[in-house]
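Going by the order they are written in, the chains are A, B, C, D, E, F, G and H; count residues from 1 in each one.
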């Protein structure tokens, strides 16, 4: 039975809204040869599919973006180099680009759930900022409020204590650090809020491209810390919004 | 100024409750030579310090437990082998032991925050159950409701779909798996709830004691997944309750 | 005794075809100084030697290709960058190039064994397609039929179920995934066909250039999965054809 | 609609056999608290669920075995230490135990598909034999014929050549080796049959518990080799039978 | 020329003390078959050779101890299990044993350099204490003063701040931590004293037997931290005394 | 109470110097949006904050340098590529650049503590010199005297012995080596001075970018060696000066 | 044609000794079910097959030993625990056991090639001696002369220089070390003899069971060093004799 | 006493040649600021110091080459990119360059020891040739004869057997392979000659830049194989000549 038939039955009242939603959850995606764009993710997950640009050709990104824009009037793309932005800019007018965070937004997220709850985004150093910006763009686009507390690493721990009230007033914390990745443990020791720790690939030698920070965060002696992949600002921002929601 | 003085001032109304709480947050712990028992953690974090038994002698565990019980009337100990339980049983009457989860509880958690919100604890296999029980004991002791869905790994994915409604009705999911660690990704694809993934050390060869499951979970292609350390059921249960709270 | 003598005896009927094949299996290759081109592989393995272009200079590739073409009228080269194709194009007219899969074919494989049996080539994401194309070119050039099912990863598992019948009708499955490498386990749980899993180097951070996907696949909790090297689309296509054969 | 209703309709001829099989494929498993025994796997995969004993308590193994025996009259258990066999022996009379391969069989596999096709199981050394026996028990229980060629490693390569005809007459080869894992490459170079390579944890120092053999096998310079997890004789025997089938 | 001759010339005043010390620095050790006991280390390094008991048979330890005692009236042995102490106790009367630190001392270190300078030995947790005791025994035996500050990890950072004055009054700090190894970074941020960081093998999962703590410490974002091998309390105590000296 | 008020009280003599220093240690840093410049580090640690240029944009480096220069009349920047020097050169006149060591110094370090104590900086090979120069610039800028002994690795150990007196006259040794990292062990065996070992990323194959040298140094069989991160000449120079101080 | 026929022809003079040796090199081994004893290795390699006892049951060792003794009157077994020796002792009278080196010799090696050339076996520490004894037993059983220089590691490098002449008089050096593995580099720098380096699994923490020593040895900055597997005293002794031969 | 004085005494016959050689062995090297050129290595090791160009600036290479040429009339440089050759070509006339092997030779090695003994250099593939050429240049420059057998890997093992006689006639074998590194094991099984195995960084995925080939070679099940660092053709050629010598 086709989706068209079901929709007609729905109009006639033969099928309830609840039932039709269930059906839709199991079906539709656009098949554009090299990609199956997952259009009902917006129903299932509360946000349309996101384009992860790394490893895709500009042509592939453009075609997926066009398909998504046609369905949702909204496109969210991460890890987008300036070159990709320049190409998309010629096709879309309501486009904006966060260069530090490498995030492109086209149109408007109609499924945004405006919440008053706040995410505090904290970085250990200046070089962790690009990951922080990716998290910021993600969580605010989804509907959360966010504040930024950058460069308050443990080498000068008094800088962190200055923000103790701001931190305690937030609902969730995203704590971003490279090198020894100690900041989430320390923040966790002084707050009662859940922490999403993001290891970054910053550092050299035994920093091992973020593996050391990751393992340190997973071994936090203070409970209340979970971890996402190295440099995964998007995943942290997404999860923070899920908690707020 | 001593804590005694402040308390007297508080009684006289010269110091507000809010102020005295702030002061207390910065001071007390019992110094019993080999351990600084952190008694105000209950204020700072909403749960008293937890005894991680691994790497401590039974004598050390007993002394820390006695100190904590004297202050809070409550002790929560993880990674407790039966031998430690047998020793503690002689000292405390209101003690109970979850052997699978290796958790000991003495007395009653007066800071428990009874919530109606539910944590669904899902395991891929039968051998992941001990970690699941640790998570269950932790999250329910803190005050969350929890339900168990065990042995629904991806080798027979229809077993998982049977529980799809139960999963969607929970507020947070803890998904526990060893070997290839694929279950959190799959569960994430079919739900809109935040997932705390727990890799376990189950498996052999390239399972690498849980490293493979951990890395797989960190690389989940579906957003909404964060990860805790290998076999860290406690951390997952703790974090799940923080989200519920 | 020289190969010439044996051939004469064979013509006279003194040596049977079976015997002479055995002898030939043990002898000939062209010695072109820096390479011993293995001309009897076509007898021993049912396919001529394949040129793996990576780590060879264009000059070396050209000379080996010329030698192989002279013997078999057929050349199959993998990991061939466009530059190498451009050079070879000037020497051979019956040449074609699959740019995504980086495969060059010159002439026609006379040892192709046309089979009706089908290989289904399934990828988790769009960025795994170049490896899928290498597998496709290999298995079809050898004589198998192949169909492509791209971008059906576990983040939207309903996309996979849509193809369940197509999958069950194939004789062998090649399942290609990077990041957490969960797709082969999931596919294996819903089919009775043998699966050749190919980890790809797609992903970042703890994806470790494909090691995580590889280890996850090796630990598949569902039996019926074997694995080839990271990004080894050629090996998978080759093995799939061996099963069909 | 319950499974009972469907079965009644089936009896009345209102539901065809094909349809009811489809339905059944999506439903039944026994929920015995700590395990969801997957009873329809025999339909989906052609073999009932297998009990992997490692990491399960003897009590858990007994209960799962009883449940499986009640449904299928057949139990297949791997990684079973003698202790588990001794316990099960008291409950089942038609039980047998392969001590080297650590495999227990209870009853008879009614879904066995007797084939004339042969699997040759080849080991590099004497210490790889326990893995070979696991593969042998698996593949023959499923219905394949198997022959054993043990201790023919590359240190004395003439031992291998002695068996060249036997090897060429088999339909699939399982090649098992620890240490440097070179045997699959060498066998692959002299045959046209598909090879399932099994790395073993035998060796010391840089053998790294089988990782070195595994990586060597994945890098085989000769195509036609796929690999399973370290010491995974079961997986190899299972896959070999899938190819035969 | 033998050492005897030189000593006679020294007595007669033909060779100065400075010269004879130079000569002695280049010569003597006892050859007791399986060990070359390095007796002039006391001159070259200011402390006699130390017996590292791990990997030596009790017999070997006894013979080396006897040889060292005969020359210096002093033996210092690390990583000594109780069994070895029990054996040595029968041979030596002026022996003492620190069971936590696994250190045996026989006789008296005549080369001890009594200094007023203090080493503060700080641990993150209770389970790091055995390593701390090894450091304590080493540095005090060499002649430094030492104070212990145990169980002040970052999960309750206020416990550390309580000791800030004590820390600032020390001359060198030894900071010992397992798990995420964050303590040295944090201590370094609040003091101007040099820190010797000791990672311990405490923890589980991605603690990797101390590798994670080690790498975290090496990546300290705060300068003034150097690191010794995992669990190397001896090395830290030794180095701390060198700085004091 | 603001810092202004405290300063006024200090002028009036109501607050002692000691007290005001304590207060200041807990407060000030400049917040320039993306960085919290830690101005009181000069009080807490005896040296102003250092700019680690790697991972910062030139614009960020310039702004931090301007802020630091305004407060301290002094800037010390490491890992500074020539491009950054060229940009800074246009803004500051009293600037100098050590190209080998990639260190920029602007102005004059007023907190320099001129000591007569010497640091000997020893390298195994010529390719370790850039790290040695970073250590040299750091330790001399802080106020230590330093001498260079380059290219005296163990392949020609007599070259090292030639400098034995110079080494013994120094107060601390920095020993820098890549490849097998054996030099610190050997130097340690012939001296009584503390050694800070610096592994470098020089070498190929199993040198693993300095991991092998690092691990070798951590396992030095001779005590008196501590280690800093791979290529961390800055950390070694800093620590050496702390010992001298 | 059977080996019997060839031997008869040889006796009659129809086949030369050279030809029959060639034939024999390609054929015989005893097939005792679980092992193919390689009897012509003595011709091909100049030494009969060696029994590596690890991973073999005592029964398997006994049967292989009996087969070998019957053919060659000589058995050489490595990694033999005392238990295996006790069993074999009951079967063979001309047996001897080196307990430190875990080597069993039965009978007499008739293919021994007595050479005057000497192998110097040098260890860094006392705990490396068991590996040294394995090397000693191997090389002397094959026919080389050997001398032992134990416990001369770089912590007291003057102990090594005392043996400089002995070292220079040997033909080959076997240098054995755990921990940082620096000794082969240092010895190589002072001699003109080829060095076979053996890393041992002695050490703790980052010694990584010998990996660190192995990698250090492979990175020796001084040429003339090759390396065998961790703890492979047998391989070193064997190779040393091949050079002498 | 200066070297000048000793030389005068030698001329007068007061010091024997043997004694002066001993003295010289302990002293001279040129100190050219950034390098201590080790001129007596020619006496100690039988070959002058070799310039490893990687990690050195062209200016440093030129200055070291000039110093060495002035002393020995001979320079041997490895890992020399064409750019360095072009620069040196302007300074030296008697220079030649092996581009594949990246080796530069200036002048003539007067210490060459012409031997009739042969080194066979065998590679598994075409891409291993550049390492083979480095080995060839090294061993022949030192005085050994060498023959090349390229591209005879185990994928077509008959190609290797064709060269069995040539191999057996050599005195030492250098066997070079990337990927699974199986060739040394196989060659070792069919010869009685010592083998120096060289792993190369050729391959992809789990080849891990040569680590897999290295570990496979170290685990060779056939004795008589030692190993050098990844891509270390120089070390292999050097060691082969030491055996010949």
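Basically, a residue touches a chain if its C-beta (ideal position, glycine included) is under 8 Å from a C-beta of that chain, and two chains touch if they have at least 3 such contacts.
Just so it is clear, the model here is predicted, and its values are computed rather than measured.
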Steps needed, at minimum, to go from subunit E to subunit G via contacts: 1
If a chain touches subunit D and subunit G alike, it appears here: H
Smallest number of contact steps required from subunit A to reach subunit F: 1
Interface sides of subunit A and subunit E: same vs different residues, half threshold: same
Recurring contact interface, reference E-G, options A-E, D-G or B-C [over half identical by residue number]: D-G
Chain whose average C-alpha position is farthest from subunit A's own: G
Geometric centre distance via CA averages, subunit B-subunit A, whole Å: 26
Geometric centre distance via CA averages, subunit E-subunit D, whole Å: 54
Interchain centroid distance [CA atoms averaged], subunit B/subunit H, Å: 59
Averaged-CA centre spacing for the pair subunit D and subunit A, given as whole angstrom: 42
Interface hub residues of subunit F, defined as touching at least two other chains: 125, 155-156, 190, 205-207, 211, 214, 218-219, 229-230, 232
Pairs of chains in contact (touch as defined earlier), listed by label: A-B, A-C, A-E, A-F, B-C, B-D, B-E, C-D, C-H, D-G, D-H, E-F, E-G, F-G, F-H, G-H
Interface residues, subunit B side, partner subunit E - complex: 25-27, 29, 33-36, 38, 40-41, 49, 54-56, 60, 64, 199, 201, 209-211, 214, 229-232
Residue ranges of subunit C touching subunit D (in the complex, touch as defined): 44-46, 50, 190-194, 196, 214, 218-219, 223-230, 232, 234-236, 238-239, 242-243
Subunit G residues touching subunit F - in the complex, by the definition given at the top: 124-125, 153-157, 179-182, 185-186, 188-190, 203, 205-208, 211-222
For the subunit F and subunit H complex, residues of the former touching the latter: 125-127, 129, 150-152, 155-156, 158-159, 161-162, 202, 204-207
